[in-house]
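Two complexes are shown next, each including subunit A; its partner changes from subunit B in the first to subunit C in the second.
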Partner chain A sequence: MNLRVVFETFKIALKDRMAYRTDFIADVLIGPLIFLVVQFLWTNIYTYNNITEINGFTLNDSISYLAVSTIVGYFVWTWVTTTVGMKIKRGDFARYVIMPINFLDYTLVELFGRKVPSMLIKAPLLFLLLKIFFNVHVADLPHFILFIGSMVFSYLLFNIFMFIMGLLTFWQESFWVFNMLGSAIIEFFSGWLLPIDFYPSFMKPIIEILPFRHIYYSPIMIFLEKYSISSSIQVLVSQFFSVIILYLLARLILRLGRAKFTSQGG
Partner chain B sequence: MEQPIIRVKDLSKTFRTHKRGAGFINSLKSFIKRDVFVKKAVDRISFDIKEGERVALIGQNGAGKSTTVKMLTGILKPTNGEISVLNLHPFKERTKLNKNYGVIFGQRHNLWWDVPAIDSYYLFKAMYDIRDDDFEKRLKIVRSSLGIKEYLNTPVRKLSLGERMRCELGLIFMHNPKIVFLDEPTIGVDVVGKKKITEFLLRINKRFNTTILLTSHDMKDVENICKRAIIIEGGKILFDDKIGYLKRDYIDSKTLHLKFSKPLDQKTLFGKDLERIGTSRYQIIFDNKEDIGRFLKQVLDDSSKEVLDVSIIEEDLNEIIRNIFEGKRK
Partner chain C sequence: MGLFSYIKEKTLINLSSHAEYRFSTIAVILISIIFGFTTVFITYSVYSITEKGVPEWSFYEITFMIGIYQLIMGLYHLTFDIEELSFDVKEGTLDQKLVSPLNVILQYYNFNIESFSSIIAAVVMFIIAIPNISLNLSISYLVFFVILLVISLLSIFSIKLLTSSTAFFITENHSIVENLNNIRSRFSNWPMNIYPKGLQLLFATVFPIAFICFVPASFILGKDVSFYFWISPIAVILFTLVSVKFFNYGLGKYSGTGS
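Up next is the complex of A and B:
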């Protein structure tokens, strides 16, 4: 897709997203709820056991991890599986076949356009609140820049993987199952609520092979300055290659799935 | 000799579907063991379409019209047979082909729902790589021909069906496609909207020699827009020729209405049965082979009767098509 198409798709998706203000406000208010619940849990674990550190994480580290995880969630999380699944199941996928675009690229840009309000308004707003009330750790400038770069790859990894889950609707129409399955895989293997350092040691080699840790764990660790600058750059390179592999896989599955498309509904 | 731009030979499409019984027990059964049945949606059809032709695909619901259009646009992969549009295979060479055609599915929309239609036009401009001057020129044409100037800046969700359809139609002409596939483009559109759409399509066809393949259940639209009809039933082609021939071949009777200055006291007229339909108005049914002209001359020459009004009523296309589908005709 050329840059003009990317720009126009991005622009129209952004405008489309801004059409419903109530949705947007509700979204801002719902986001921090999980954070508050898990934060209570952490505070209780540390104070009840009278401990200052678990696996190298202080209470402030753990709460900061959770806070940054909420911010990363705002950046990466979309309804891509159900959007793609629904388009395939109801036949709207046909609309994308007749246009001179690639469905995967178009979907990624479209969803990114819809994400921008979250990224530019919700995330900084929430982070400011978390900083004031929970004294969340703030990265220095080099780590912050690397964190932003890492989040772009997180966005791509999350959405390409969940796009693939949506594509499975070509073979089996129950896309809700794929949505749940994909979400469960990411929540479990990405370090969404818990740093991977807390996982049992036998699981760590598996998590190291899979790309999902790069969705939450890696950018959070960069932001918390748990990685040096050179390690952070290595993480970005590893994220880049994971994106390439997943992207090629998604293109292949899309190609195979297209042949299965039945275009229901007129 | 002019080469066809659409070629279809022995084209077939079958779908595999799971049979599912009604009720809880049957649902449970089909969860464990699924009965698969194969449905032949299109069955070895063949036709060619030349550049600039205006062709209607006519058929009942489920006859295979939309499936054919979806194969021609690369949406569906044909099961068997040959298919070529502008010398390209629509499914295999989709990205090369789809800048050259425009498609409307009356049941779906290309316009973004929550933003003004003009935003979708600009997105298409980028997608189809339309030059600024070409874009402005065509925008001017579609704006005036389709009467959509005031709708383009309104969010699409706030437009009526007819207004939206006109905006959709304008959109697919922005990249000056060589072929347009229109699947039920006038569904739910009022008479004024339909007239605008018809005039626009004829104008575009004349000016740019755009090939039009239309599927519609509205025979008035078919007659107004197309010259040729392909009738599909059960996935097979029943008829493929000029719409005029359809009338010639499938109409087997005509009705003559005559109004006289006073009522007649007879049951027949020059050997034909008279059926009274008003005080001094009668109808006479003629077989297609009978010469109405000669009969009419005899009546007009008869000085004992004064004829005030004459009209000949032909079956309309709707009637002909219905009879074909109901198996009443050859």
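Up next is the complex of A and C:
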């Protein structure tokens, strides 16, 4: 993928987003207000139960976890399932069959370009506000660097998984359903809603097997310095292998879907 | 076309389009039921890792309250889709509604069969909660409870109308609508007593989300709540009037896309 193409895509996405400034500003300003509910809820839970720690998490840890979870969302969430689903449903996918580019790689880079304004403007602004008003934990430099590395894998894991969900449109046209299904899986198995340490015990073995914890839980735990440097590196390695496995799976499903697409006369 | 014919036509169109995509409709309903349980899941986790959980409310009482929230949201979305207003203003398709002799707001009637997911989720939550809580089930209480649910529906409608009407002034209002919806859903899904008094008062009056599920649940559960929650029905009615005024003001400013 040409770097100039990436840069141009970023410029267009930024221009498009900034065309509606009021909406953008409202998004940045109202976002932290939603976070108040987290603050009140968890403060009440810790105070009412007269505890300083829950499964290794202090009140500040819990609040920081949920704050960083919001930030991670700004980095990873894209409309990849609907983008892929729509291209298949409308027949635009045919273009990628005849073009000398890989549909999966192209989609990942294109969506990353669209995501950059959110990563570079919204996420730091929101983090600053959360730091000022909620005293959110800030990682030291080594953990921060590892966190950024982990976020790259997190982005890839989320988007390759949701890309696979989009590919299911080859067999069943309702891509919206797959988007919801993928979102539900990530919502409950990635540690987005809560630290996995807070989950009921019957769910933990399932989460350990699945790769989704690496989307939210792992990078956040690195940021909160809950993992040592060596453990963090191990997490990155584990994330890397999860990405490779999912990537190969996506390529396989893409090949199968492509055959199906051709057989339909698309 | 009269209002009833319009409702009948739109219901039939929506039903036939859903019948066309049966797999999708059933799958969306099933997955939405799972989504409906998000807060119940968080609540369950909180009660499994702490001794007493959330102040003054048991797990089953919160589940019951969230059930009311799901029921109200299900009933609202089953019949109405005022959020479409933002899209209509942005794309200029509001023009089509303006030339119709029917009231513009009423034209946002929309029979959305997928909203049954919220109602099913609510029923499941009630089945989980009711055997483990004590409810005031006398006839007078039940009648008043139904009235509270109607006011709760009005509260949802007025908040959505107000937020959607911002489209008249800033065209792209997606983030505002989404964020305000988030505030509404996140804050109203927990008992109001976890919030500071000032915020409770705000949610009982200026932005009356306390009425969506907290007040009806507290009433039927026989909970002792601050007096200002009981004046919130008046706030809801006033808020509805302000929302309709704001909508009409925006409509007056609307000039279409010119296309």
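Convention: the second predicted complex is superposed on the first by the 222 of 266 C-alpha atoms of A that agree within 3 Å, B and C clash if a C-alpha of one lies under 4 Å from a C-alpha of the other, contacts with A are read in each partner's own complex, and residues count from 1 in each chain.
Following the convention adopted for this analysis, contacts are C-beta pairs under 8 Å (C-beta built on N, C-alpha and C of every residue); 3 or more make two chains touch, one makes a residue touch a chain.
Small disclaimer: the values here were computed from a predicted structure and weren't measured.
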item	value
Contacts of A:F158 with subunit B and subunit C, given as first, second, both or neither	neither
Which partner reaches more residues of subunit A (counting touched residues only), subunit B or subunit C	C
First (subunit B), second (subunit C), both or neither touched by A:F261	first
Partner chain in contact with A:F223 - subunit B first, subunit C second, else both or neither	neither
Subunit B versus subunit C as contact partner of A:L33, first or second or both or neither	second
Touched partner set for A:S174, first subunit B, second subunit C, both or neither	second
Subunit B versus subunit C as contact partner of A:I51, first or second or both or neither	second
Touched partner set for A:F112, first subunit B, second subunit C, both or neither	neither
Touched partner set for A:I98, first subunit B, second subunit C, both or neither	first
Contacts of A:P200 with subunit B and subunit C, given as first, second, both or neither	second
Subunit B/subunit C common contact set on subunit A	19-20
Residue numbers on subunit A that touch subunit B, as the complex places them	2, 4-5, 7-9, 11-12, 15-16, 19-20, 91-92, 94-95, 97-101, 258-259, 261-263, 265-266
Of all residues in subunit B, those that touch subunit A in their complex	15, 66, 70, 73-77, 91, 94-95, 98-99, 101, 103, 105-110, 112-115, 119-120, 122-123, 125-129, 155, 183-184
Subunit A-touching residues of subunit C, taken from the complex the two chains share	21, 23-24, 27-28, 31-32, 34-35, 38, 41-42, 44-46, 48-55, 170-176, 179-180, 182-183, 186-187, 190, 194-196, 199
For the subunit A and subunit C complex, residues of the former touching the latter	19-20, 22-24, 26-27, 30-31, 33-34, 36-37, 40-41, 44-45, 48-49, 51, 54-55, 172-174, 176-177, 180-181, 184, 187-188, 193-194, 198-201
